[in-house]
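Report on the structure given below.
Chain lettering (A, B and C) follows the sequence in which the chains are written, and residue indices restart at 1 in each chain.
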């Protein structure tokens, strides 16, 4: 009697687990399907796609679509072909932007946590509000000012823009990380005779590795994936890869070559996906840093 | 080395006044303990002395030099924090050497000092470890070592032992006392621990609400508390306070207490207080539990001893003594008796009231009479 | 005693001369103004490039600027024009549909899968990685892929026809009435994993002793979640909502890549409207006024959030 009851309960528990895992796996497939489709399609030839199915293993693997997307396809009216010049623009833009905005964020966070002065808390509140700024509210004046500064349509202008509007977030990261460090550490260092820079270099910076990684990854992803600033503030010689991809996909000339589109999409996505795969833990931390407190 | 003179120091954060005029004269080499309830401003005062917070008003002198607005690094003060505040990214050696390095001391001298300090505190074998690899007691030693290395004129300790277990706390207490005797440096030390305060201090400053209530030797503070607050704060278990009426005349005064329907006249020793102005009025009698004992024949005949029959309400054995809670003048009153003599709850027992060290407080001002 | 003497003497020889410094009057050292100096570029940026530009945009919205900014004030004329414009009203309606569905479904999906993943799942790390990777992609990439998948002549519809379901129809992306829902689908695919990550972090942050206590009280697993855990995650819901609302109001790239705002203006949203009127149609005044309305929308959502956030800081 009791034996069957126990078996019953165990049976129920096991089927419950099985259903749970099945659901989780099916959902995982839903998330993976587009990626899988992208990759597979990028290795198929256009003839195959025309006669074949949406999802089908390539009969003959070919890198033609990748080559075309990288440096053969005509995008807009520019002379150098393919996504390559756009990709290079993105790299030239993203590296200084990430480094500068992170450096500013670290210093600001340091001041706002350990060297508070009258008004610094209030300033932080104003900066925090800046994290949620819808950029549409500043696009017009910003483009006017970039023009006045003579850097509109250039990579430099984009770097400037990304640093200016990225600093609020990086400051938030560092400040929220630093306020959880014990303040007595700074007091001890002050009594030991260390000054502002010494404390930063010798005590705070060595403790900042995790948040540095978070900030760099977050900024890299944001700036690499940005489209709005890219499309508004750059000209064909400085457009980032997101703009290039969008132009390529939406160009109306000739036959739609889905394999090339997908290869292009993968090229544009590759750097951030790689970062995600390598340092996903920090990526998640960055995502949740602004939203989940403590 | 130097003494410390704190003159009318006030500190406010915005509209909140935390320190309301602190005056402390601390001669060179004295060990001063700061006690007081949580939030009364002890840490704030230490931070002001160290220069980590700028005072709003008043002066801080070290020796003869006005240090009120000097930067922390120029004050020659070292501080040991409750959390120890060891630099987590540096090993023990680096932690101790950091302050010396910053002051551009030659490498070889730094090494010598680190070695000597390590030997003194018996942490030589820990020098290459990171703080995270140390036990609480070891961290505490390193924190001390870090401040010792600079051999400052003044040490500040902010509850340095409160994160240690009871046994280690006693050990470290002894070591700190020895260290002070060896080095003779001025020390200001914050603690919540009564025993730490009584055993370590040359003088104790009791603070409340940003003011110093009394500043005196441990014995003064214990036997001659300035007011009810100090009397209640120092000593564990705490002093009993009874509202009593004063009677008598011509230098012979007594107070009246009632227990279980009987009223007793307790004589007040003339050396303790002049009660002439209070005859017929109420005062507050302060008497420590150890002055309320079971009947001991050799004491019974003393001039200021009275036998009072009380009803036992609760007993709390502490090992050496048993604390008996009773009701006198309708107020709770604790007596310290020999375990074998303690009555059971509900029973009557005789208690000797020894008034020799009794103190009296004005019931309005709460100051000692 | 000998050790002590030796020690004291060595230390004394090296006696630091800090206490010979005397500072008798209030002097502000380098450490007083250095922090302010370090912070000042950011302060300047914030004042000029955020708050100053918001003000500037607001001013532009009250002028009759067209292709070039000009400062002839016309009161609320641009706002009147804006709200008489069918495209704008359509954009607002689309944003409402997109916003409600996107936020609502993301929250539900995120919460459900956070709870499922919280059941001691073996491959939790791998599954989490899979659910979350779309967040690393650019919305442009997401749009490109889903545009193709949902294209009726080459995507799912054709696929279903090819494998025999000839009655199957999924042509929302070219149907003006349904196109906005394709934006919802792609948006959820990209962002729901992120919501799950937030909720999972929230679930992990709950004091497990509360859960144990509830279980000892005889609560079932379902009751533990609905009565104890989820109510205690209110702040997490709040911040997830804020993040999603923020993404929704700013949504621009996804729609540009997926539908370009079409077919017709069927998937127009305020962000696209603002971009096109300001930068391709030379209607700065209307563009600015639409930007101001967007900002007001974000502010209305944010103020309660910032209020609670800053109050929490104080405690």
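Everything that follows uses one rule, which is that a residue touches a chain if its C-beta (ideal position, glycine included) is under 8 Å from a C-beta of that chain, and two chains touch if they have at least 3 such contacts.
What you see is a predicted model, and the numbers here were worked out from it, not measured in a lab.
Asks: Of all chains present, which has the mean Cα position farthest from that of subunit A?
Replies: The chain lying farthest from subunit A is B.
Asks: Compute per-chain Cα centres, compare each with the mean of all protein Cα atoms, and return the closest chain.
Replies: C
Asks: Quick check: how many Å separate the C-alpha centres of subunit B and subunit C?
Replies: Going by mean C-alpha positions, subunit B sits 54 Å from subunit C.
Asks: From the C-alpha centre of subunit A to that of subunit B, how far is it in Å?
Replies: Spacing between the chain centres: roughly 57 Å.
Asks: Find the geometric centre of each of subunit A and subunit C from their Cα atoms only, then give the gap between the two centres in Å, rounded to an integer.
Replies: A distance of 13 Å separates the two centres.
Asks: Taking each residue of subunit A in turn, which ones touch at least two of the other chains?
Replies: Where subunit A meets two or more other chains at a single residue, that happens at 193, 195.
Asks: Using the touch definition from the top, which residues of subunit C touch two or more other chains?
Replies: Subunit C, residues with two or more chain partners: 18, 31.
Asks: For subunit B, jot down the residues that touch at least 2 other chains.
Replies: In subunit B, 71, 73, 103, 150 touch at least two other chains.
Asks: Name, in rising order, each residue of subunit A that touches subunit C in their complex.
Replies: 20-21, 23-24, 27-28, 30-32, 34-35, 37-38, 49, 53-55, 104, 107-108, 110-112, 115, 117, 120, 123, 125-130, 132-145, 164-165, 167-168, 171, 193, 195-197, 221, 224-228, 231-232, 242, 245-246, 249-250, 258, 261-262, 264-265, 268-269, 272-273, 275-277, 280, 283-284, 287-288, 290-294
Asks: Would you mind writing out the residues of subunit B in touch with subunit A in their complex?
Replies: 47, 50-52, 71-73, 77-79, 81-83, 85, 87-89, 98-99, 102-103, 146, 150
Asks: Show which residues of subunit A lie in contact with subunit B when the two form their complex.
Replies: 182, 184-185, 187-195, 198, 202-203, 206-207
Asks: Would you tell me which residues of subunit C are touching subunit A in their complex?
Replies: Listed in rising order, the residues of subunit C that touch subunit A are 18, 30-31, 34-36, 38-39, 41-43, 45-46, 49-54, 56-57, 60, 69, 113, 116-117, 119, 121, 127-141, 144-149, 154-156, 158-159, 162-163, 189, 193-194, 197-198, 201-202, 205, 235-236, 239-240, 242-243, 246, 249-250, 252-253, 256-257, 260, 270-271, 274-275, 278-279, 284, 287-288, 290-292, 294-295, 298, 302, 306, 309-310, 312.
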